[in-house]
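Going by the order they are written in, the chains are A, B, C and D; count residues from 1 in each one.
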Amino acid sequence: NDAFEVAGRSFGSRLILGTGGATSLSTLEQALALSGTELTTVSIRHYSAGGSASVYELLQRHGIAALPNTAGCFTARDAILTAHLAREALETNWVKLEVIADEHTLLPDPLELFAAAEQLVADGFEVFAYTNDDPALAARLQDAGVAAVMPAGAPIGSGLGILNPHNIATIVSRATVPVILDAGVGTASDAAKAMELGCDAVLLASAVTRAHNAPLMAAAMRDAVRAGRAARLAGRIPVRDTALASSPGEGMMQALIGDFS
Amino acid sequence: NDAFEVAGRSFGSRLILGTGGATSLSTLEQALALSGTELTTVSIRHYSAGGSASVYELLQRHGIAALPNTAGCFTARDAILTAHLAREALETNWVKLEVIADEHTLLPDPLELFAAAEQLVADGFEVFAYTNDDPALAARLQDAGVAAVMPAGAPIGSGLGILNPHNIATIVSRATVPVILDAGVGTASDAAKAMELGCDAVLLASAVTRAHNAPLMAAAMRDAVRAGRAARLAGRIPVRDTALASSPGEGMMQALIGDFS
Amino acid sequence: NDAFEVAGRSFGSRLILGTGGATSLSTLEQALALSGTELTTVSIRHYSAGGSASVYELLQRHGIAALPNTAGCFTARDAILTAHLAREALETNWVKLEVIADEHTLLPDPLELFAAAEQLVADGFEVFAYTNDDPALAARLQDAGVAAVMPAGAPIGSGLGILNPHNIATIVSRATVPVILDAGVGTASDAAKAMELGCDAVLLASAVTRAHNAPLMAAAMRDAVRAGRAARLAGRIPVRDTALASSPGEGMMQALIGDFS
Amino acid sequence: NDAFEVAGRSFGSRLILGTGGATSLSTLEQALALSGTELTTVSIRHYSAGGSASVYELLQRHGIAALPNTAGCFTARDAILTAHLAREALETNWVKLEVIADEHTLLPDPLELFAAAEQLVADGFEVFAYTNDDPALAARLQDAGVAAVMPAGAPIGSGLGILNPHNIATIVSRATVPVILDAGVGTASDAAKAMELGCDAVLLASAVTRAHNAPLMAAAMRDAVRAGRAARLAGRIPVRDTALASSPGEGMMQALIGDFS
């Protein structure tokens, strides 16, 4: 009854599991099964090079939908080309749009990203835009007609979690399309936190595929996303600052927030 | 296969749900059922005053074990007396030892706590010691023979989460008895985090009983504790600081940690 | 001997004090004097409307340089026009480029900002670009020829401090032009932290002008910026995680960083 | 006009600089001079063993008062003995009381500490009690008559900063004697933060003595303590959460605080 609706489709799971970094097909299969995911990402560049054929087969066998991505593209031009290639090869107009600024940080380039998003929307794609956590850019992207904004919690593969929860919460508060936290998740509590901040879903890959025990971590992420979603819906207790009442001077709230920065 | 062992007994769930703050018996019953808990705490003072009789009955009906606590005691003397009362009334030598410093902070008094713990161990009790998050006091308590140490993440009812994860991790790293995070949990990711830090179980009450939708939050906590436990066992990916490599000067790790404080 | 060099000029102070929010000219004068600042920002829109004439006079009297800004501009077109207006009126080719996305968040619009920066650089301006904290956009801006990048620590006037120190440190590590932390500072330790992260200077306004005692806070910020700069240069001690050594499992560093997110 | 009053004496500086870890006497002398400190700590055990004679001479030459400490004591009995030794040797009834739980964490043992404090107060000492950050223990110590409570921000020498600002703020809000932050400071912003939280003074040693450039870091700490004190007195701006207003659901304050834990 709490389905995840995006681009006209509906999913029972709010965990999107990327396949990158898996050490073996059988481990990946176990992880996918335990994660309960119904949607995953596939690199078109990798697929076109023949690398993902067996992964793609595996997904079809399990009835898991594939969201092709433009990983490895550094310009709008490359990303647009790759998206069109994906549409032909995989017969889907869904695309996770990644336009990377540089190989070192793997952060999205906001200018190339926006240009590519505008063009792909015009070309009839359902664009899932992998973006930084800037609320202003997220607003521009949704105004441009993307199907979902996918802010990074932290750099890809860093495992740093959500570096700026304030920004994620701001994006959520003004969202007109689904918000999917993408990149940065390192462990289960990060995924739960993303959902508590109001994200509609979480995408992660290496936190599972590179964990010591990938299938067990997949189960952890399944539970964490469910837990965070339920906590958001259940309405958490307010924070009660016992130090506040007794302090005649500056509020503890300020002190804590101040500390946060 | 991953049972929670404490004081010679074994539990399938690592979530201990306190009953304080419940708005109605039927809501509490739903919450207990959805939480999957097999152990809960009952206030002896409240029980003796006749207040908890129906709660106690409810627990027995669901096969949930009861851990009597000494809530409301401000001195070792009072707490010891209350524990003996509990042993007679409920026919158990288990006691969650709470000796509160003052009504404002509800923090444990370390001196009265330690004195009471020593005496109750000598009197044959299995003492579950509700303590602050001081690793030195935790070590003294386990040396004195308590069955479990229960450090507070934050003040009771504050919902502030785990204020000092460093201390909790230090306690865990030197523990010879189970460590149960007690007090402070506000939402699901807090509970997951406690388990990821290596706690053996989590005790919480108001985060569930005072949530807008208590049964749904109970389900969230069940999943969160499972998620955090699995993530701990699965072995999370290391944190990879992409800013580190490129910085010729001070490491980012330091900058981040410095910020943490 | 540790001058702040930017756009071919040299300043003895690394604190840039904005004038917005001052409650009176005399308070502002005291604050400016105590801050030790040698550079301040002036709103061109406000100045052109006659509002800042007395402020501008005050700055000239104290020998404080003025950096005109394009506050209040929502498009590249408006910002470019305003910058040209400033050049004529104040006879300077320096401009702090602000292009705001919306009145609610006051966050910079990355697309309009970049377009305006490119044009103003071509028009011969020394552009001080007020930007979000995205390392990819900062890199694009410095490649476009701006004189300085000015990432926001947090939204203007929020007093939230530095929400994402990781991003600021990444920007610093790849900077080819001075990095000036702009917006978000709430108290002295925030300013010190910015300098410790490697920023070359700090710009703040409301943290001083709206403080209960503005001149005293100005003195605090002067000392804080000096302290943070000296600490950066002095080379801080490494963080030594005493919990780490004793933990057989997951490193505390990870636990702490994980918590950070 | 803002003197630091403690145990009947008055100091112009709120920075107390420990001498441990100095690499040479001449570096220490420069650091002491640049720090502006008027009070320092001296290890009695070290002094008695002849190790600190030249340091002590240096302090007298500069007119810096010495606060003998009981570093190296693991029991109340040892600490009491050492304090009496100090009183005879240095002709002062001031003592910084350290009773360490173990060599690994260097955390204070709360039980031995309290027992020693009670005895030394009875013996006529002005006791400066180095304690953990527990507000309940701090209250017990001040009730027992100590001259100052000195909560640790983090373990000695860790440079982790202030791990639990909530506890420090709670201790300050209920303090009847001066609160001196002791241990944990790693860099200048940590010291500023301690003062902003309301501490009356900051004690640190290795953050200066083990810095790459100790005299420069001493100057940084002098400025940071002044900055934090002035910021506290000046009354900082409130934190204004721009995400809050626009969020119909859960407040960002909660999200942020939740994240803090």
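Just so it is clear, a contact is a pair of C-beta atoms (placed from the backbone, for glycine too) under 8 Å apart; a residue touches a chain by one contact, two chains touch by 3 or more.
As the structure is a prediction and not an experimental result, all values here were calculated from the model.
Undergrad: Taking contact as defined at the start, I'd like the list of chains shared as neighbours by chain A and chain D.
TA: The shared contacts of chain A and chain D, listed by label, come to B, C.
Undergrad: Any idea if chain C and chain D meet via the same residues, over half in common, or different ones?
TA: Both copies touch with mostly the same residues.
Undergrad: Among the chains, which one keeps its Cα centre farthest from the Cα centre of chain C?
TA: B
Undergrad: Rounded to a whole Å, what is the gap between the Cα centroids of chain B and chain C?
TA: Once rounded, the distance between the two centres reads 44 Å.
Undergrad: Taking each chain's centre as the mean position of its Cα atoms, how many Å separate chain B from chain D?
TA: The mean C-alpha positions of chain B and chain D differ by 31 Å.
Undergrad: Can you list the residues of chain C that touch 2 or more other chains?
TA: 105, 159-160, 162, 165-166, 170, 186-187, 189-190, 193, 196, 235-236, 238-239, 241-242, 246, 254, 257-261, in rising order.
Undergrad: Taking the touch rule as given, give the residues of chain C at its contact with chain A in the complex, in rising order.
TA: 101-102, 105, 107-111, 114, 132, 134-137, 139-140, 153-154, 159-167, 170, 184, 186-187, 189-190, 193, 254, 257-258, 260-261
Undergrad: Residues of chain D touching chain C in their complex?
TA: 104-106, 155, 157-160, 186-193, 196, 206-207, 210-214, 216-217, 219-224, 226-231, 233-242, 245-246, 259, 261
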